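Here come two complexes built around subunit A, the first alongside subunit B, the second alongside subunit C.
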Partner chain A sequence: MTFDKEYFNIGYLDRLSYRDTVIHRLDSRAKVIATTIFIITVISYPKYEVISLVPFFIFPVLLITLSDTPFKFVLKKILVVSPFAVFIGIFNPLFDTRTVTLAHNALISAGWISLLSIMMKFALTISAAILLVATTSFPGVCNALQRLGIPAPFTSQLFFLYRYIFVLMEEAMRIVRARDLRSFGNRGTGIKVFARLIGILLVRTFERAERIYEAMLSRGFGGNMPSMRQFRFTISDAVFVFLTMAFFFALRFYNITEMIGRLIQGITV
Partner chain B sequence: MSHHLVVFDSVFFCYPDGTEAIKGVSFRITHGESVGIVGANGAGKSTLLMHMNGYLIPMKGSVIIGDLYLDKKTRQEIRKKVGVVFQNPDDQLFMPTVFDDVAFGPLNLGMSEEKVRERVDEVLKTVGCLSLKDKPPHHLSAGQKSAVAIASVIAMRPDILVMDEPASNLDPRSRRQLINLLREFEHTKVIASHDLDMILDVCKRCIVIKEGRVVADGPADRILSDRVQLEENNLELPLSLQRL
Partner chain C sequence: MHMADALLSPAVGATFWAGTLATIAYCSKKLKENLDEKSIPLMGVLGAFIFAAQMINFTIPATGSSGHLGGGMILAIILGPHAAFLVMASVLTVQSLFFADGGLLALGCNIWNLGIYPCFIAYPLIYKPLTRNNPGNGRILFASLLSSGIGLQMGAFSVVIETLLSGKSELPFGTFLLLMQPIHLGIGIVEGIVTAGVIGYVRTVRPELFESVPSSRPLAAGISPKNVLVTFVILAAITGGALSWFASTFPDGLEWSIEKVYGKAELPEKDGIVSVLKRVQEKIAFLPDYAFKKSENEIKQEGAAPSWPGVDMGTSLSGILGALIVIGVIMIIGVGIRAVRRNKS
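And then the complex of A and B:
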């Protein structure tokens, strides 16, 4: 059952955020701002852009090295979600058959280039998002969002999502186990039974929600999630945000790759 | 001290599906008493407890907590006085970290952040979980979860502590630690449980509920040694009394 394995994987992402490195120590708001700007900059490139996206990989690679996050883990996560991006771009080579010339007079249809561009943008944005959570922890991100002025109803939803995804998964795991233990061969594992299991899970979730609400009320919940100021935005956070922003803008508005290429050519020629 | 009174006066409650869960329950618990509530499954124990913090409001009869008569207007005040520890700690611990969870109640009471920090450290020390402060609840063991659940309630300094099956899912050692912890509290305590040995250890008084009615109310050692009555209620003699 791969379910169990996936479950422990989520826990792993959680444990990564307990580490103590330069990146982990940054204020979570600084990281949220930097990541958001990174993602916006990356997706702002036109659809045939490939070369200019390459330098952006410096950002996730730098984060991985500085935060001591296992590279393999990030890569795996990207692969797991990649089907979504592939399905978005897979038809581009079929529909967009205009040919373009590459170096050495090789011909290629523009669709392949836009597919490559989509895949690169996808890898960049997803790795940035994974690294944000791995270095900040999910509640840290929620807290940052709250401090940045996102309305409480949204952030508290995220808090609860994070807290109860584990409980819900355990519940699902138990139901699936109970089914597997009493179904032999293929009997009992069909879609009909599955639909009922989902139904039971939903009903149990409602009941749990009611009990949680009761627990919240009995501890004086009045509609607002209280939170405490645990973070301080220091000079190093400001420097981090400023540097990353300057770096992204420089990449976006000056053709750095070409400049570097010219420079190297100038040296070699 | 009439402040920490719990008075039920012929309380009647019926669920929307027509189940008559409580049919005229009356008792009076005074300051500092520790009371065990026992009875068969479905006897109405949990429904009874839900009246103590105003989650349910009696359909007939009245509930008085401290000097307040329970109704929709007073239940906010009553919730500040009555701390309820629920059976399943996963329902009780809903915040992302242990610290946030224990701080939830005190922050809702409007305490200053500095005081909240002090309070959290203090109650986590009381239940022996200070080292778990920054952990997320889903990484704790069942015993740790229930200890933190109790901490999250006593952090509000309630006058009355109400617990529903606090020792279920605990291993014997965690259960023993819980019992020792409960014996230290000077609050008024109301504990519903099937763990009669725990009731015998923690409570001086015991109320037996059967089909929504009080069938016995008196000193715990007398009631819990009455084999006939216990067996009528799907219960049996506490293990510690069986050996005698």
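And then the complex of A and C:
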């Protein structure tokens, strides 16, 4: 079950990335740089910071709306993935029990605040990563990495891997389906059968690699991967990077949330 | 055991990224030097293979829970350390982008934890020496159990260290170790059995595969001083991991063992590593002074005084008020843009 789901998830994310919107048209380097700065800025906040993290949600929200990415899809991804941060964060309220006054008589232990901070950082960084692929496409990200100075053997490895993920996953899906049809309950799903299945998949992978290599040789492969696509870093890309950077730095050094709150309090009192 | 962005500090994330990038550059250079064109498509397809194989679940005997393959050791055995490391790094990159396993800043840590140890320590120093001269299946099983186990223990230990250095989690060192190491001992055993099973199966079905693949070519022979140093690092990690078992029954046991290993009662995280990281920070110089001074103060205060910054009621109230307004504004912007776009189309 989960296998099919994950497979279709990757396919879905891949399809999202071939849309044509303002965000999709930005240069892939610009998006990689902006996303990186966003993540580092968010992570740089100390562990009890909750309130000044709130304005950062504007970045994923803008990306989602401007790129027509379904909001539910991103939300689901955040809820489903990587329970590790939650698993580790949940211990904070247990070990950090000093209480803090929130407002009037409301008390809360500091651990809950740092847990909330971890969860917010989690949501922000994960959505940024998902949105980067959803608006840039994986080959786009690889290309950006290569032009940002990552060594060619690694980026061509990424290209190759991505190109064959779908083929090999379908192969694996067929194998899993065959196993599931022949197994009953837990019988046949054990480690011994599993090792054989992986072995068969590995043998088929070798054979496929040989065929691919011969096909590449007959098409004149000489050791590197040429690309026909043209990439240009335009003025609008530079403006995008500059604006997002300026915005993140402003948020980082001025607690805008609190300033707005003070202002409102000043008006109402 | 994927490390997550939310638990990292920028300094720790950047440090591990630097190490990972340096290793990627080193491996790329090595591959370019003795380029075997044939291995280019093989590496790519093997990456996809690991990816697909990780999605096949199997039942772990006696527990009823299900596990899946890590794959670092299989790659190292087939491709040799340099190519295997690049493949592992590419698999983790795709995972972090498509499944958001961990996140992009934590990707450096994850490649380090799951790539360096199997490819550059477990394989060349444990698996390879043990399986010299046409080994039998029992020997392969023993070698892959030992190498997978130690590789994963070191990976899990790194996760603990990275989390502690970042200071976002409150988990004490001993408790965290006790959570991580035993779980990964189990995972390591399963991984070792699967690795041996797969390698054994392929060797019987297609023995010629292991004669043509790059790993059969001799690596740098003999023992270099670097290897000796690395061996000591492993021993330190194993000692740390093994002794953590005693920590539960003898609360002082861990302190004692650390004293024996490091010559000090405390792990060098408080002074040594933090000061090293600080130097690294100064070199990277992102957000100079402001952010890091604060977090550094936090680490210092942690031992003695509570690190909660003095909060007066006024600030926190206006903060909450401001947060609500900002959330409202963001929602209005989001819904507004969507409505405008829908009207247009």
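To be clear about the criterion, the second predicted complex is superposed on the first by the 235 of 269 C-alpha atoms of A that agree within 3 Å, B and C clash if a C-alpha of one lies under 4 Å from a C-alpha of the other, contacts with A are read in each partner's own complex, and residues count from 1 in each chain.
Here is the rule we use: contacts are C-beta pairs under 8 Å (C-beta built on N, C-alpha and C of every residue); 3 or more make two chains touch, one makes a residue touch a chain.
Keep in mind that this is a model prediction, so the values were computed, not measured.
Student: By the touch definition at the top of the document, which applies to A:K72: first (subunit B), second (subunit C), both, or neither?
Tutor: In the superposition, A:K72 contacts neither subunit B nor subunit C.
Student: Looking at the overlay, what does A:T101 touch: subunit B (first), subunit C (second), both, or neither?
Tutor: So A:T101 only meets subunit C here.
Student: Check whether A:S218 is in contact with subunit B, with subunit C, with both or with neither, and answer first, second, both or neither.
Tutor: Touch status of A:S218: first partner only.
Student: With both complexes overlaid on chain A, does A:I198 touch subunit B (first), subunit C (second), both or neither?
Tutor: The second partner, subunit C, only.
Student: Give the label of whichever partner, subunit B or subunit C, reaches more residues of subunit A.
Tutor: C
Student: Using the touch definition from the top, say if A:I130 reaches subunit B (first), subunit C (second), both or neither.
Tutor: A:I130: touches subunit C, not subunit B.
Student: Looking at A:R182 after the superposition, I want to know if it touches subunit B, subunit C, both of them or none. Which is it: first, second, both, neither?
Tutor: Touch partners of A:R182: none, neither subunit B nor subunit C.
Student: Applying the document's definition of touch, where does A:P153 land relative to subunit B and subunit C: first, second, both, or neither?
Tutor: After superposition on chain A, A:P153 lies in contact with subunit C alone.
Student: Touch test for A:P139: subunit B only (first), subunit C only (second), both, or neither?
Tutor: First partner only.
Student: Scan A:R232 for contacts with subunit B and subunit C and give back first, second, both or neither.
Tutor: A:R232 contacts neither subunit B nor subunit C.
Student: For subunit A, what residues appear in both contact lists, the one with subunit B and the one with subunit C?
Tutor: The answer is residues 138, 159-160, 162-164, 167, 208, 212, 216-217, 221-222 of subunit A.
Student: So in the complex, which bits of subunit B are touching subunit A?
Tutor: For this pair, the touching residues of subunit B are 50, 53, 55, 76, 79-80, 82-84, 86, 88, 90-92, 94-97, 100, 103-105, 107-109, 113, 116, 136-139, 152-153, 156.
Student: Please name which positions on subunit A make contact with subunit C in the complex.
Tutor: It comes out as residues 2-3, 6-7, 9-10, 13, 35-36, 39-41, 43-48, 50-51, 54-55, 57-58, 61-62, 64-66, 68, 71, 77-78, 81-82, 84-85, 88-89, 91-92, 94-96, 98, 100-104, 110-111, 114, 117-119, 121-122, 125-126, 128-130, 132-133, 138, 141, 150-154, 156-165, 167-169, 171-172, 175-176, 186, 189-203, 205-206, 208-209, 212-213, 216-217, 221-223, 252-253, 255-262, 264-265.
Student: Can you check the complex and tell me which residues of subunit A touch subunit B?
Tutor: 11, 14, 138-139, 142, 159-160, 162-164, 166-167, 208, 211-212, 214-222, 226-229
Student: Subunit A touches which residues of subunit C in the complex?
Tutor: Residues 1-10, 13-14, 21, 24-25, 27-29, 31-32, 35, 37-38, 40-49, 51-53, 55-61, 64, 66, 69, 74, 86-87, 89-91, 93-94, 96-105, 163, 167-172, 175, 190, 193-194, 196-198, 200-202, 205-206, 209, 286-287, 290-292, 294-295, 298, 306-309, 311, 313, 315-323, 325-327, 330-331, 333-334, 337-338, 341 of subunit C touch subunit A in their complex.
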